[in-house]
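Just below sit the structures, each encoded as structure tokens.
Both of the next two complexes hold chain A, though its partner changes from chain B to chain C.
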Partner chain A sequence: MTQQLTAAPPRIGRARAAIVRPWLLLAPALLVLAVLLLWPLVRVFLFSLQDYGLREITTGEPNWIGADNYAGILSTPELWTVVLPNTIGFAVLAVAGTVAFGTGVAVLLASLGTFWRTVTSSAIMAAWAMPAVTGTYVWVWIFDADRGVFNDVLMGLGLLDDPTNWFTNRWTFYAIVLLNVIHHGFPFVAVTVLAGLLGVPKEMLEAAEMDGAGAFRRFFSIIVPQLRQVFAVVIILSTIWDFKVFAQVYLMPGGAGSNRSVLNLGVWSYVESFGQNRYGFGSAIAVLLTALLLVITAVYVRTVLAEEER
Partner chain B sequence: MSTTRTAPTLRPLRRTARRSPLRQLGKGVLVALLLAFTLFPVYWMLNSSLDAQAGHTSSFWPAEPTLDHYAFVLTEGGFGTFLRNSLLVALGTVLVSSALALLASVAVARFRFRMRTQILMLVLIVQMVPLEALVIPLFVQVRDLQLLGTLIGLVVVYVALALPFGIWMLRGFVAAVPVELEEAAYLDGASWGRMFWSVLLPLVAPGLVATSIFGFITAWNEFIFAMTMLGGATENYTVAIGLRSFFGIHSNDWGAIMAASTIITVPVMIFFILVQRRLASGLTAGAVKA
Partner chain C sequence: MTRAMRRPIAAAIGALLVAATTAACGGGSGNDADEGDDTLDVWIMQGTNPDADDFFAEVSTAFEEETGATLEVEFVEWGDAHDRFVTSIAGGTTPDVAETGTTWTPEFADAGALAPLDEHVDGAGVTDDLVEGLVEAGTYDGQLYGMPWYAGVRSLVYNTEMFEQAGVEPPTTWAELEDAAAALKKEFPDKIAVAVPGDAEFTVYPWVWGAGGEVATLEGETWTSHLDSPESQEGIEFWTGLATEGGYSSAGATTWRETDVLDSFAAGDVGMAVMGSWTPGAIVDANADMEGKFAAVPIPGKDGGISPSVLGGSHLSMFETAEDKDLAFAFIEMMTTGEFAQQWGQESGYFPGQVSLLDETLESTDPLVAPFAEQFVDGGASVPAAPTYGAVQAKATTSTMMQSILSGDADVATASEAAAEEMTNILNGSE
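For the complex of A and B:
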């Protein structure tokens, strides 16, 4: 009895501490997120409503021009003919390619014995671990116009007469970016889908096989519905990553703004800001990119939630 | 009765199908193609870095094997300085972001409080913001703090980049520690701080290692902020932008570029192999649960 009485006061203290303590623990992280992520997001929007250049940066004085930057962007013909197709078209192809290829690899891995599965997964890890910057330089080197191995092999096979510069043409430029992004991105899809595949009940597959369902039928009628959630996540994350492709374009020959036919939203925003000192205009482009990403994220999050409620 | 009968007949059937030579061959070809596609860039990087003839003739193995490119990169190339800078920045990022992430993850995993869900959503959403949108205002902010061109300025930014994912990943590790252990420590009269250090910390250590490695890779690989914030401060360049110094206006020293690329990639690959499983599950965990 006395023990219970003495135990009571600390419990009240604990209750009060339980309210304060999480906020104390969260405070440093929230401060960092607020100052270095949220406030900048507000600020990039505020910049986008100004003619913000070097003078404004040094003096810190605002220079409001309303929505002029946005009007300027929307009336730039390049936005519709070059930048948006390069951003959205590329993202669609990259997501489709990464998810399809990654899933194929996962199915292959699931059918292998332990030894070969370990060997192949390790190789995949190596592709995943390649930093975007060095990976891009390696692809640039492989496709180099004068000394690249790709041209050498094609010429050796008699398929090409003279060395070709693959970076000047918009389509071949983005074909190389696509190869780079799929090579870097498929391991995540493969590893995640493989984990999901191994979780599909074997009995279901065996039952379907007994009922005479072929491999394709089993894949689309059993595995895909079972892995709906996994696919949704993999597609969301790939989409978010592939819309933000920056270094993979910027570091390619002509990718840093000198070849205007390969600009995407991210690179355009960067070169307008830091190349032309038009920080306001660049901010407006960045806001458009962020808005586009938020819309996509919202659509997918709703799809995921809707699937769950079913 | 019928089910017990069909099961044994099914197994041999599947086994023969799996072992049919044609299928095995097809699978072997697919695996070989996959390995070739996956490893070719890595192999080509190593090959060129070890070949004195790199940039002159392409050959599928080092025609004139040499370590000269590595020697050049690390001495005259000044890559030693870039490596030191990257190491300092990465370690600074890891120390600060892991500590902050640990505290925050204990809060969201152990306490039920108002706004908890909103904070988790916030942590999830800020990871989707494109760096291109952050680089302009952060450039201005870091400039106002007079930290442009400094390593500290980079650490400040990288902590913010590594923190959300760190919180997200550690949250799972903290939640997996049985509450009973903490309650037992309470009953034994341990203070909250004592409980944190002696009970929780050792148990989430593996998660802390994974978070640290993730933070390290984030800082080590980062390109856009390093390029923007360091500008002309060559002596403070990190490896990711130091690579650019081997590109000439007319010709590029590909042997040196590939040697430097190899030096950058190797530590990341080692770390990756160490945390691969946690990284994949960490990326999807939140979304699948949500």
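For the complex of A and C:
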């Protein structure tokens, strides 16, 4: 009896400590995160319920308008006919293009010897390291109507009679943005997938080869399933990045709002909110975009987890 | 002079932190850098005057002699300036006096950040000696919030070599301009006779005004845009027609900004273009071969005379946070009138905002000064002085109209009606 009584409390204490200790250790980090991330998020949400402009900033007085900003956003016809189709269509193509091309490069890198692998990966690192702004100006220069290399070549080959302005057409405009974004985004995918490729056990590939599986069969039946999580990560990150594309569109000729048919979510929200000092409206757009990206991410993660269990 | 050249980004972050932790700051004084009452904090835009450091060294000395107060000048990049003003307004850390771009003055006045200047200006006795276009741009709700300091103006700049070779004279009417463009195109089929840029609103308004139209007018409390009036449409039709019907511009120009016009003109590829009085230096900097090979004329009126063009420049504005308003105005007066205003104009290549100072400039025979000066005095105008005009610019209403006409997506009537409707809505704050 006595022994049991004396023995029991420490055990409970230890159990409680086991629960409390991790939280205690995490507390400083969580506190910092709450201040740096959570509080701004809450503020953005509070702004999104107000008509918040320069005047409100000066006076410091709130100006609540309920869900009017959200109603205003969702009832803008431009959002449904231009902005969302551009954003989603572009994101789908850009993610598919980046992941496909990046994986191709990763496979290439994996099959190279040490020397050529170093040379090639240094080259693609240069594309990655290039700031988005610089890269965009290079692509704009290539496709410039009067002085661009692209028009010069087409006209030299006799495929084009007069210079064409590729930036005024919605499809050619986004084709150039697509090139730019894939060029800038594929190195990350290539390097990440390469790391995964190098982790695939050699024995499995050799065994498959012995059984007569060709290169394609080996890639899709052995390597891809092994890399499922790697692909999940690069797809989710690429989706988030390609959804939020801003500089690559804004800096293109006509991309800053004067060509309404090429507006995407990033540029549209900038023009409508910060450009016009409508900070409440902009906050509401930010809240909706965050929610949308959370949903997409959740769906991805669930699909990946479900396949894992199976 | 003590120059407070803090890094703009660090300062912006600082301002944000102040805004975020309002509790720590406590509203009120506003001048966190103040050590006593005898310091004046001033923000000046960077890059206008290449010798700004020396200039303000002289101004500080003179200011201290006159008032006994110390001048603290901080240079701000144009690109960051609007954001910095907004964050400093939010944090109550605005300077006492700042250079404000002419389209920003009504916006900040509307937000309640600026102090009205009428009494001070009357006291100084310079009310009738200020350039009208700049006064108009700095007036909000019947009161003056921006003291005219300096400005530039756009005129028609042309390549003299190309004009001589094609045997044409600089145009004085719209018909002459079209004929000149046709002659240039015939002589130089691979060059651009006249650049009609799609993303440069200030090159559009002269033709609207020149045809007798208006961009927008205020009646009572309501703004109405008249870009779709028959007169405005005639002007827009003429200007865009040079590209769409005459083929005197280029496909690329459909998406050009003014900087693209400058690049092409400097490369010797453009016969004529609407360009600013501040560009001759930049043209020669970009291509030394162009020296002496270009000149300017005021933008021709439809049947002679001058088509008005926007005076683009800066005001000096006093912020409500300035503790000693008389001291602040003493500085404004010193900068915008008399000797220092003249010197600033000479060093920066802009025109001063005081009419009596312009007389000397007007007598100049320099082919790259006199025509601009004539345009400045006789053909200066202002964009609508509405606090919401910045929103119209952000929305790119006029550029959208131009681009859709130039790319053939819409005709002048449709595009100008859409633009007028949008501009009216935004100006009245109902968008």
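Operating definition for what follows: the second predicted complex is superposed on the first by the 263 of 310 C-alpha atoms of A that agree within 3 Å, B and C clash if a C-alpha of one lies under 4 Å from a C-alpha of the other, contacts with A are read in each partner's own complex, and residues count from 1 in each chain.
One rule holds for everything that comes next: a contact is a pair of C-beta atoms (placed from the backbone, for glycine too) under 8 Å apart; a residue touches a chain by one contact, two chains touch by 3 or more.
No experiment lies behind these values; they were computed from the predicted model shown.
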item: Chain C versus chain B on the shared chain A, clash or fit after superposition; value: clash
item: Of chain C and chain B, partner touching more chain A residues; value: B
item: First, second, both or neither for A:57, with chain B first and chain C second; value: both
item: First, second, both or neither for A:286, with chain B first and chain C second; value: first
item: Which superposed partner A:144 touches (first chain B, second chain C, both, neither); value: both
item: A:297 touches, of chain B and chain C: first, second, both or neither?; value: first
item: Partner chain(s) touched by A:97 [first = chain B, second = chain C, both, neither]; value: neither
item: Chain B versus chain C as contact partner of A:275, first or second or both or neither; value: second
item: Touched partner set for A:185, first chain B, second chain C, both or neither; value: neither
item: Chain B and chain C footprints on chain A, overlapping residues; value: 57, 60, 144, 147, 274
item: Residues on chain A engaged by chain B in the complex (per definition of touch); value: 17-19, 21-23, 25-26, 28-30, 32-33, 36-41, 43-44, 47, 57, 60, 105, 108, 111-112, 116, 119-120, 122-135, 137-139, 141-142, 144, 147-149, 152-153, 183, 188, 191-192, 195, 206, 209-210, 229-230, 232-234, 236-237, 240, 243-244, 246-247, 250-251, 265-266, 269-270, 273-274, 279, 282-283, 286-287, 289-290, 293-294, 297, 301, 304-305
item: List of chain C residues in touch with chain A within their complex; value: 22, 27, 86, 89-90, 107-108, 110-113, 192, 198-199, 250-252, 254-257, 264, 269, 388, 390-391, 393-396, 399-400, 402-403, 407, 409, 426
item: Of chain A, residues touching chain C in the complex; value: 53-55, 57-60, 144-147, 162-165, 167-168, 253-254, 256-260, 271-272, 274-278
item: Parts of chain B lying in touch with chain A, wherever the complex brings them together; value: 6, 10, 14, 18, 27, 30-31, 34-35, 37-39, 41-42, 44-45, 48, 55-56, 58, 100-101, 103-104, 106-108, 110-111, 113, 116, 119, 122-123, 125-126, 128-141, 143-144, 156-157, 159-160, 163-164, 167, 192, 220-221, 223-224, 228, 240, 243, 252, 254, 257-258, 261, 264-265, 268-269, 271-273, 276, 280-281, 283-284, 287-288, 290
